[in-house]
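The following blocks contain the structures, represented as structure tokens.
Look at the two complexes coming up: chain A is in both, with chain B in one and chain C in the other.
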Partner chain A sequence: MTRTHSFCKRLMGTVLWGMILSILILTMIGAELAQAQPEDPPSPQGPAPPITHTLVGRSNCLICHATGFGDAAANPPDHVDYTNDVCEDCHEAAPGTTPPSPWSDLAPDALPQRIEHPPTEGKNSCVDCHLVLGETHTEISEQWQESVHGQSDVGCVECHGGDARTDEMNLSMDPASGFIGVPTRADIPHVCGSCHADVEEMRQYNLPTDQYVKYIESVHGVRLQTFKDVNVAVCTDCHGTHDVKKASDPTAAVYPLNVPELCASCHADPEYMASYNIPIDQFDIYKTSVHGRALLEDQDVRAPSCASCHGSHAAQPPDSEEVVNVCGKCHTATEAYYKESRHSRIGENAPKCWTCHGTHDVIKPDESMFLHEEPTEQECTTCHVDENTFRMDKARFANPEDRRCDTCHHENSMIMVQVQAILDALIAADASYTLAEETIQEAATRGMIVSDAENQLAQARTSLISARAAVHTTKLPMISQLTEDAIASAQEAYSIAHNRLRENEMRRLAMIIAVVVILINMLAFYALKRELYSQLD
Partner chain B sequence: MSEQSLQQKPGLFMRAYDWLDERYQVRQLVNALLHVYIPRNAKTYYLGGVTMFLFIVQVITGSLLVLYYQPTPDTAYDSVLRITSTVYFGWLIRSIHAWGANFMIIFCMLHMLRVFIQGAYKPPREVTWNAGVILLLMTLAFGFTGYLLPWDQRAYWATVVGSESAGAIPVVGEQLLLFLRGGVDVTSATLTRFFGLHTIFLPVGLALLLGFHLVLIHQQGLANPDRPSTDIDDREFRKKSKTLPFFPHYAVSELIAWYAIIGLLIVLASIFPMGLEEEANPLETPPHIKPEWYFLALYQLLKLVPRTLGIIAPLLAVLALFFLPYLDRNKAIAPRKRRFAMSMMIATLAGLIIFTIWGWLS
Partner chain C sequence: MSDYHDSETTRPQRRSEPTRRRVLKFLLGFSAISTFIGVFTPIFGYLIPPPAGSGGGGDRVLVGTLDDIPVGQGKIVPVGHKPVVVTHTDQGVKAFSAICTHLGCIVIWDDMRKLIVCPCHDGLFNPVTGAVVSGPPPAPLPTMSVTVDNGNIYVGEA
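Take a look at the complex of A and B:
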């Protein structure tokens, strides 16, 4: 009996424990399932506390709240799977925390004012926290430390506002302390300009201060200001944000050698440029031009990049006067010659540099640039509107093979006689030069000293280069004077080199005679030797 | 006229010789110098004699060059340019001197190789060998000092890197560098110093040492390549073996070799005359600086191994070369019986050639 009783007791105990265990296991599975469904509304354990701080400049709640960084409240355990985008579903932001842009009522011709913020007193609490926050925060903090700004103690608050003295986040990032968070693209020029357009501020760094005004007036700036087009280049697109480098730093995107690639990063992108209806092949064309090769292949920083002609801050569209007349900035002598020419006095419809040389596709000029291979045919009206007015149809010069004198000048015209004479003079000078050069080369390979001939040749070269440049004057007497100088020097060089070659031939002749005499002597001694040896025992 | 009467009436040369002999007994001296006998199986390939001839050529052409050459940085280049382009046959003299310098080094080395292979350095000819090693070093010094004199870019920068390697010698390196350059840099002090070494010290020194070298050879006669002569008193053997009169038999063959060499020099000088690069510019280092070919192996070695090692190893090698006759105890002469010596030689030659080509190409 007692045995039966105790058996029943044990059975019930087992069943009870089994039930308790099963419930426990089921609850755990349930909890597991519940956790796998994050869309579930947060557990309604009372109302969600409102957000007590401003949201300006703060889009990543979890970066602080996941762990309770600093004095931020740590996420409760049941929040572990929430992402940043659901926080505001329950937690209400305090009203009125997003201040308007500090430059919202900046007058169109005024310079942007500095962001007002409490004095830093040599502190930068922003970096102290952000450096250890991980992810992009650490990255941008480190970038800033390496940047020109970091190196010259231009701190976070100069661009973002706020109070750098306190590590109490709600105070340091308080809009009342001028905190603006991440500046909008539209505000970027103002942020940068607030210091960089300030003459007093920039004096210590010996930097120019006109970039802001130039930018505002540039195509980029006008589109940004007037059309509110935030896709145009703003300061940070070229100079970087936290990692701003000096333009003289070869790793900077704005270093002269890197500029074409920088511009091309937008201007050669078909999608990005789709809505602007402007060509996107300039970079590819430029790469093969004399300018592009000199800059990109020979790394010659004197060669022009996009910015040299179009401006950088003052970027101008291709047809503007500044861009068209920019060649003379470097080619001063040629420009002076051009100004002497009849071409330069025709006025608006005059042939300009680009008419003959092109723009992005400038190649090394030579004598083939004078005439078409086949004679051309023009109507009077191709160029003349009436007796005194010309027309300039740009499309006629689009193809490099059509940038020729006879694109405009009629085959039987008086001017054409002169063109032909200029061409003949140049060809003759070039031929003399080449002949002298080859003769010198040959004398040199035969081991003759030709430095004097080379000096003469260098003179011929100078005259020939001047003659080619003087073509821009279109004045035959001037050009032929120079080609005659070139021919005279080249002939002098040739005759020196030619004499050296003759001397070399003499030497070889003399050498042969000497060798023959030596051989005869050797033979005689050899005969003597044989006789002597035959007398030996 | 019959042969008889020709012999009876001596020529002008013989009459002058007699005249001198009556007064100074030169005949006795000349006979002692010329009428020696050499083993008929001795094969010199005329290499030593050709080296000596080249030295004579260098002395003659060098003396002519020095008439126009001016050893200052301002004038050196122009004077060489003048020698090469305006002075009558200046180009020929200069080119022969330059080619002759290279030839002298080549023939000196070949001569040494011949002596080595035939075991002619073994007792009793140790000192002859020692003098020879110093002759070789002096010949190389001739090349090094002469290379700077044209004062063009190649000359200047080869000297800069060359003297720099000397600075890597431990302990004395810095002093040696200062001594070589006559200051910290290659300047006018270096130029006058090299000029003095090249035209006074080295020629006089080499001439004296060469005289010594030849006196030693004269005293012992040439080695017999078929028989070790450790027993110095081998006169018996010498009497038995076949010999050849040095004069005129050997001398006439030597003369033919000299003719061949001067012919070759004239041909090379005419077809490949010496040029001149840009004038030396201490501020502008040219892209490819290379020393003369005979220093290329050393130069390449210095590029590959630590500097001290690159200097110490060749120094030790030269010392070993100098003391070779005392280090090599093998009495055998035939190369077959000198396996170790021959393999060392081939290894050294291969190393030198490989490093030279390597240095040339890099």
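Take a look at the complex of A and C:
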């Protein structure tokens, strides 16, 4: 009896839990159905016909099927409220309608081949249709017509494939005619490179053909190829898509004056750069640098932009060993001086341009760059691994205030004696030059002719600037010789200007005397007049 | 009494008349001398100019001969107070201001490279046109007029 009662209780419990579970499942299914029902199209009568054409480049089904444009089937009446995003819920693409990328088997070291398409015979049926389709189609067609490609008769099929001779959409946009639609981001370098890496093709435009190879080796290209990271910059991000302009066009994003802002459009975007763990303040720092001011404020297109140091297609931060060559591309005289220095022979850990001048934050150098205002505290191990080896800790030069000679050289060292001597020589030459310049300026302001003094000042300037550049040799005798020349020329200039000032003072004195003489003469004639009149009376 | 009065009234006249005449003579004499100086000083100044010149003017200056600067050579020469670089090229003798258009340093002739070079920042200039070949100079070297007469090279303002 007891066992029967117990069995009944277990049975009832199982049935109860089963009912609860069933209710829960049915409730969830019901809720899911209730949620999905309003968005799903009503079930059509019979299976939905498959899509028989390629979907490549065709994301707007309704542009043809809403009205039955051309050979396209018109939507049935019950599809009137449907949008493009639900078509593929019922209609599946037929096998073989989506061709693989033409460059899917491209070897890593091979150049991309052109998209194979029928000869255009001077026609471009794509634009004939897309120009009148409105919205984006018209916009990109007009952009292409104005672009460097449109002006050079580089038609749509060169990038999209297809048959440009026919207005029949299914033929012109047939994968059998090489139609690839909108290239994927991963394929864009291949699309552009298929022409721009072709020496024969580019000869007529006198364009370089190494951009593709450079890009593949760049930090962007490596990430795209190796890590399949499609968020990195591809050709169209900088040059545009249908609106490609010449790099010499001031309205082009790649025009030198516009390059920093172009790079910053990605590299200063915190969200975009978040996954790359690289700084985003380079553009703000660059804008205040001597380079940024020259380019962006003075509009001097010769000033370096991001691409000047990092490369454009070959974009990659130069490593420490390369920096001297990168800076030396423009600063040729300084590079030659640097290569004479002991610094240049130390090797990997040698101070490079960035050690003293920074990178994005380069400012106009002056004598304040020699020493800290207050002596620095250093341990031997700050710079030396052992007595014969030293190291270069980049973090120690992150702050511009720490890019000083005494950041590395101890204040009691022999080298610091030489550093101090170089600094003193430059300060003395600068003081002489400044005094001469001010004196000449004063003499010129007083209207004195000072062209001979200015000539001497130009000599002094030449020697002083050369001396400052020669600091990169770290050779005291060479620098001292130049500063002595500068001082001698500056003193000569000062002497000439000073004499002109004395001459000016003499002239002023002479003018006062002349005025007094004239007044005395006037007095004499007045007295004579009175005497004559008194005699007449 | 009247004599006293006469003497009282005439004494000041006797004292003042010579004084006024002397002053008048002095003033007229000063006037004559100062007029003489004022007229003749510029004449002497013109005939004997001061050593410090005005720095040029438009006159041409003899800077050397073709033998001094053979073909393929260049030289920095003073013209007035200004340095001028004279180059002897296949296309004739050329002259340019030797003041670099970047920061105003004085250029030199680089015989190895056959170019005009600014030693400050390695600005390179074309010896035929003065145009910037490379480097930071923002503009070409200003051209000077140059003439060659009987093998003598004369340079003046352009």
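By our rule, the second predicted complex is superposed on the first by the 436 of 537 C-alpha atoms of A that agree within 3 Å, B and C clash if a C-alpha of one lies under 4 Å from a C-alpha of the other, contacts with A are read in each partner's own complex, and residues count from 1 in each chain.
In the analysis below, contacts are C-beta pairs under 8 Å (C-beta built on N, C-alpha and C of every residue); 3 or more make two chains touch, one makes a residue touch a chain.
Keep in mind the model is a prediction, meaning the values are calculated, not measured.
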item: Partner chain(s) touched by A:469 [first = chain B, second = chain C, both, neither]; value: second
item: Contacts of A:533 with chain B and chain C, given as first, second, both or neither; value: first
item: First, second, both or neither for A:515, with chain B first and chain C second; value: first
item: Which superposed partner A:525 touches (first chain B, second chain C, both, neither); value: both
item: Chain A: partner with more touched residues, chain B or chain C; value: C
item: Partner chain in contact with A:449 - chain B first, chain C second, else both or neither; value: both
item: First, second, both or neither for A:333, with chain B first and chain C second; value: second
item: Common ground on chain A, meaning residues reached by chain C in one complex and by chain B in the other; value: 449, 451-452, 514, 521, 525, 528
item: Touch list for chain B against partner chain A, complex; value: 81, 84-85, 91-92, 242, 244, 248-249, 252-253, 255-256, 259-260, 262-263, 266-267, 270-276
item: Of chain C, residues touching chain A in the complex; value: 20, 23-24, 27-28, 30-31, 34-35, 38, 52, 54-56, 78, 80-83, 99, 103-106, 119-122, 134-136, 138
item: Touching residues (chain side chain A, partner chain B) in the complex; value: 444, 447-449, 451-452, 507-508, 510-511, 514-515, 518-519, 521-522, 525-526, 528-529, 532-533, 536-537
item: Partner chain C, residues of chain A touching it in the complex; value: 300, 302, 330-334, 336, 449, 451-452, 454-455, 458-459, 461-462, 465-466, 469, 500, 514, 517, 520-521, 523-525, 527-528, 531
